[in-house]
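Okay, got some structures for you below.
Next, two complexes with chain A in common: one pairs it with chain B, the other with chain C.
Entry: the complex of A and B
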């Protein structure tokens, strides 16, 4: 098999697995297990094609369909964001969290939950603002993007973004936001309902997602993926250092902004929809790198596909084997991804040390 | 040595996972009620420790909201040194004053504050690890640590225990008599709701929660003659509940928290706005019962207020003519 065909075949396999896993999502879940034909009829009706199923079964199928679609898109967004940042920072430990995007989204969502719990200003209490789940996603998105932009502004000087300053600013802002979140949780300690809502959002969730959630994360992913052809080769040239890349004709400043913007957008949309899902943006690009090497031309697109398959697979494991435990995707990701990643590192530590 | 430790650990884990007899569970979680009333009083606490009082306490420091509910029914305001600030919103003191609201209140309490106030009895919950052992810079302050009750029998036990500790036998008897009479009344009317399923549900837009067995809400549902589909499905305690699961259980009645105008975005509005729930029996029949969150979260005798409110609302839904009753 030629080196050029391997990424293509892996990509094809991942894309087919993505579709297969969405199909499996339809027949996994609570006690209702329909046959595949019924499940597909419900899914098609959910997309506005075909006849709806009887009773509550149609509603169940639609919830499962949107859960599957959102899981795939969220996984793809986080993995793409991680791959972009690892390439930009030339550091395998880089992930979306260092830009403060996760923390910013959590802060935004926490403020929205406080408003929903009756702690906000009266004008925010207007039902005209829209249905509450979208208020949380909207606040999370604003919090995430706002934090990312703030960190990038602080870290840039004279139109250039300094990578070490960016990392240090990210650490400082993450610490500040952690303090704010702790203060919010402490302030509503006695309010069981609000406390519980805050807690469950920080675990990350794919429950109860709908078409609006899918549209939000899908558009973020689509816009971010558009930059891949414009930055893939440039990121390969970054591997030798910014000065070498500049000498080879790479517009360093522009590329950095493009990569940071795309990584921030895809991550912000994903976190706004699904809460904090740790580890995925870190581990998936590494797994792909182990399969196809360091070239960003294959790495970025395969990370996108791999992230979708990874999160959907984790969700299927959770729903089929740990259903009653209600382990959330963030928790599952750490429990499965962590040991698996350690195993791979142990097996391949010699080859990875050269990266 | 190690295999034996592992075996003991495994046995302990197995014990924790097995359904325990309610009396045994209560004996494990709560200190016993002393057989004799009066002082000096001594209680053997779990873990070979003991709690002793030479005389009836006059400077009581309460560090927990549900204990505030009980103590403010048993003791006069002058015997209470201070209360948690949360109790002014989340205990019965949100509705009544009785001279307790002017008491000093604190947001959080630590050992230094306890020493400064110098109480002759500290009542706290087992979650307050800083206070629970009752040792403050080498000084012993009589400290009674009580967990949150999970059943009506555990609430009775707490009332009996605190009445004895506070030397308030008569007030304790009155409170218990009232508690038992209200409970009996609810039991007598339970038959009219037989066959109905009911589910506690909470969702502020960030994901739903319900309550399974081994919890006070489950006991309330059963006390009112209904069944809890979450408990029937083997779910215990407070559990996350997706919309899909809610549709699968399809209860006749959904009990939600209502913040009484504090916010428009409540669990009830989530239920009514979510298109996938439109086919639920409870939504179609408008069988959504709203309670203030204070009644949801209490672990005291006040929980019967929640039961009475649920009963009244369910009966109105079942029989609209009963509105005036």
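Entry: the complex of A and C
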């Protein structure tokens, strides 16, 4: 419902920008700046097509390629997750963090880092050495999904999920996990390397990502995006309350399950791959809503595309202007997204009052 | 007479504790406008939620097409039963046309896209409820009365044969009260069944075929307008602060009129 040509146009523009930004990821950088042809050759070779570049350059191109691909997919997943949850909760303040997904993933990853800590920190930092990045990603995924399922179980009664209870449960569980994380961090305060690994994960990272990471976040995003046609109109109808939606024929319980499942899956995969990237799931759906209104068919698809562009753009800014500073994506997101969002709120206070 | 919807011995208590319905029966026929009358808290709105399958009774059953209403798929149920709610939980940030299109949800196919038939049904429903000129306005820009007519339009767009209306005229001016009731009367005369919850004795008196009087979750009395809108019946439930009169209707018939009356102390 709703519609017109404007959403289609914006979607096309975002998709093109997504591709353009991945190209820029290949070329831009603090030390090595290849020409376009070299960058493309390196990227194709990284994807298993064509001849590899010489020596070091190929490795650099591949790192940048997977960084770009992962950044796009992670941004898309987080924004889609946020848009789904805002629609379900009929609350513009809902975001993936409310399901405990971020905190759960961080807890899982921290435990994995603790387990690996005994092997020495180099093992953690070097992607060439064994399975540690995947072990951390795997632990993060289990922690994320486990926390989400736990919160949903606590918040449901007789097979129905109560949204207010869910929000409150999320706050409580988030508080518990924050405490656990602080306990873990203070317990390893003396071990500088482990401490460093924990911290970097907490701030989110796109360094040293590879095809396995891309496959993980990509499949989560793919499966979650599949539900869009079957929940978009339903979420529009949720806007007047669950009871009203039910009277119009919406299978409310089933729809909630689809939405929560998709939001949890995409967010969990993203957080498992890139760590905590706050704010994106909250701010991108808002930006899109300001542009195209409340129709979820446009809102969900454009949030997905917009999330990819937003995180890639942030990453490009970071790599080009703050390269030596090594600001992690989560930090960048807060530094850029926060003030930007405030500015928007300030400008659009009136039109946002409907939410 | 074709029975469209039957409620059998419904019991319900909110949270399992606060009793709302006590052995309620109801039978809605095709081509009938059945008025549900009763004081605040007598269980009328709960009854509407039962009849639309939104609440599960603690005991008893609601039968739609001979089958428990809650065993129908929600979409299938919504093609047969439409609800005009008293209030919405929240006001969607939608335009009137899109909101009324929501009434077509149960008719939409696998991809949930509106076809020509859906758009025609919405246009016709908007016109009949006299809100055709508001189609591009935001719901939040409408007056209370306009919103209420938009809710009626959405229920019409649903093209169900049963219409459950929870105080559809509560915030309408006199002209639009009559207009909405005339609309309901017209669909009833075309064969639909309508359950109307209202506190307005005089609209009920003019438009309904049958009146079911409720109090404390029970059916106190049931019958024609002339049988129910009488001092002996209503005073059991409403006390004595009512004024009764008779207005000449067509031919030699009279129509009862009931007004809240202060009676001097």
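To be clear about the criterion, the second predicted complex is superposed on the first by the 339 of 355 C-alpha atoms of A that agree within 3 Å, B and C clash if a C-alpha of one lies under 4 Å from a C-alpha of the other, contacts with A are read in each partner's own complex, and residues count from 1 in each chain.
Just so we're on the same page, a residue touches a chain if its C-beta (ideal position, glycine included) is under 8 Å from a C-beta of that chain, and two chains touch if they have at least 3 such contacts.
Remember, it's a predicted structure, so these values are computed and weren't measured experimentally.
In the superposition on chain A, no contact is made by A:171 with either chain B or chain C.
Look at A:93: by the touch rule set out above, it reaches neither chain B nor chain C. Touching more residues of chain A than its counterpart among chain B and chain C is B.
In the superposition on chain A, contact of A:232 is made with chain C only, not with chain B. Once chain A of one complex is fitted onto chain A of the other, the partner contacts of A:182 are absent, as it touches neither chain B nor chain C.
Of the two partner chains, chain C is the only one touched by A:294; chain B is not. Once the two complexes are overlaid on the shared chain, A:63 sits against chain B while remaining clear of chain C. In the superposition on chain A, A:249 makes contact with chain C only, while chain B stays out of contact range.
By the document's definition of touching, of the two partners only chain B reaches A:113; chain C does not.
Looking at the shared chain after the overlay, A:197 reaches chain B, while chain C stays out of its contact range. The part of chain C that touches chain A in the complex is made up of residues 49, 52, 54, 73-79, 81-83, 85, 88-95, 98, 101-103, 105-106, 108, 111-112, 114, 138, 140, 158. Remark: chain A residues 1-2, 90, 229-230, 232-233, 236-237, 239-244, 246-252, 293-295, 354-355 touch chain C in the complex.
On the chain B side of its complex with chain A, the touching residues are 65, 84, 86, 89-90, 108, 202-209, 233-235, 238-240, 242-245, 247-248, 250, 257, 259, 262-265, 267, 269-270, 273-280, 293, 296-297.
By the touch criterion stated above, chain A contacts chain B in their complex at residues 29-32, 55-56, 59-60, 62-64, 109, 112-113, 115-118, 120, 125-127, 131-133, 135-136, 186, 189-194, 196-198, 200-201, 205, 207-208, 210, 324, 326, 328.
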